């Protein structure tokens, strides 16, 4: 069994015993310095899977391991999830500077284009693209080892999307993070996961295909 | 059919304490939608795309001020006329089933729209049956609640709603994100068919690729203004405005290279061209005044250097 | 064609100024009521048989009663007493509501189930019946009124606080805060408390008018404050006997004062809520 990387092993999850399984027997792994794409339209449990891997939800069956250990129950989590809608992931009553400092000290403000003028503002005074940069800057720090990006640019225009991804990709490569990109845009995933300059083999998994495609190929 | 000239929308907001400030979110926006054509509205996030739809439907919040001219079939669109037309002559295809009443079965909901459009109950029922049939929705679908239908079916129901309303102008707000590619293509085809039947269709999207599949013309928005209106065939070689070109280059299937910088925020708009601080063609003339929308090679562009 | 009717001429006062002014007016009025009994002195309360049953005039704006007592003085004394009793009862009630709401929202499980069940029980019983029963059971009087009002008015606030806590707890930014390494206590202190306090404040102020009205109602039917005290409910009850004889001012004037006071609290609460809620504070 593989002990390196972020590994989800045989994950099952449903929101209540009355509901059908949202995630059925899914296994996947992301190694350090690896960019893995996960593709499916809405309704295939992508977001649920992302929340399982980042520890927001606990699987009914199966396990999530980071370098062979379960996710820590307290303290800074080495696996960080970036959500599709940044508006929901910031306290609307806090100023941006306080939001940025909630975790570790942010290191990438300049490169992400987080303007110093934003720091004194409130979230509703920034656009979605600006707020998403803030949300990303909050988790780009040495304590983060794996990033799960759940449709993080689906609401943004192509130019902002390219700006954000160029920065995130550069950071991921420089610091050898594992990155799981979740999305439905085939062109974007292809660009991020196959065309990237990462030395390791990159993969795109399609959730609509039979689950065998998701079993990690060791 | 729909003609928008020099539309301006601004909001009054409270700053610190009692000071109010004006946020101008749309300036000098021009757009024209003819019967029988699909006009795609693409552009930067926060460039005012959705606000434009809200202005046409007359559902802007109370603290918004509107200037300029909005005309539908030659007559000005006043709030009273908006209220009268929306749902009948102007229909919105919303982003998701979240906009349907969750406590009402799909069939009666669509039939109600048809009745509001002026059909009798029996005629409305026939129209709903015919439309559902046309979009491959089983008759039993009418008896389902919105949460019981899949994403693809939901799209077809929403399109069906616009069809039975007999509206002449259909506005689709972000019709494709999150959809399976086949369903996205199907939805776009349906929109194209609506235009081919003689309606005007406005598609608001940030997916340029999707827009080009069906649109006759593409309007590109930046910072609340129309920077270019191009024929779909102009993509990608014959584009006029540097922002449109940049947007095209930054697509993941193309170069994936963005232009640096940000869209100016509504309270700090530059006096000159709104794109001047990021533009590769920048000259001091650009900062002097807002360029007017002018005709270049059969399209409209708001740039003094375009030729 | 230019200038859609949505463009209106700028008002002299903007909405936020109007809101703040409303809050100031409400607060000054209520403060005036509470302090009035100490300011105007007791002279008006003494019987003056030469000036009995006088209709409202400049000397006696509220008229005088059958013993020649000044009705303005009596009404203000009564209102002041009622407001103080109401304040006490509403504060106790708000404390009960907040603690139960917080407990239900944060602890969840069977605690939540029990508290929600209690709330439902209280909601399903007619309010006034419950008030009368409790006031009667604890022996009536001032103490009975305070206990009865305090025990019956916490439910809606508890429900609001519970919903707020549940909402904040399930918010993505709170769950993210855990993942950023923050403890439960830190999150309660920095995310939860600032969110709940405005709700508590507004809820408390909107509780006052209820408490005052119900205090007056209990006194009116004779199981509230002692008949010797010039409470507003007592004054209204007394006036009933004289209404049919044409002494309308005995009931109408104190009634108006009660109405104004209750409205002032409402004005204060609603405007405070509009100001504190980020969704409406831009309107």
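The letters A, B and C name the chains in turn, as written, and every chain counts its residues from 1.
One rule holds for everything that comes next: a residue touches a chain if its C-beta (ideal position, glycine included) is under 8 Å from a C-beta of that chain, and two chains touch if they have at least 3 such contacts.
Chain by chain, the UniProt names read as follows: A = ATP-binding cassette domain-containing protein; B = Nickel import system ATP-binding protein NikD; C = ABC transporter permease.
It should be emphasised that the depicted structure is a prediction, and the values quoted were computed from it without experimental measurement.
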Report task. Could you find the two chains linked by the most C-beta contact pairs? Result -> A-B
Report summary line: Looking at Cα centroids only, farthest away from subunit B lies chain C
Query raised in the report: What is the distance, in whole Å, between the centres of subunit A and subunit C, each centre taken as the mean of its C-alpha atoms?
Result: 49
**Report entry** Centroid spacing, where centroids are CA-atom means, of subunit A and subunit B in whole angstrom
**Finding:** 30
Report summary line: In the complex, the residues of subunit B that touch subunit A are 42-47, 150-151, 177-181, 183, 206, 208-209, 246-248, 250-253, 256-260, 262-263, 265
Requested in this report: Spell out the residues on subunit A that touch subunit C in their complex, using ranges where they run on.
Outcome: 54-56, 74-77, 80-81, 83, 88-93, 102-104, 124, 138-139
Query raised in the report: Quick one: in the complex, what on subunit A touches subunit B?
Result: 41-43, 113, 115, 127-130, 151, 154-163, 165-166, 184-188, 190-192, 195, 208
Report task. Spell out the part of subunit C that touches subunit A in their complex, as residue ranges. Result -> 171-173, 175-177, 179-183, 191, 194-195, 278
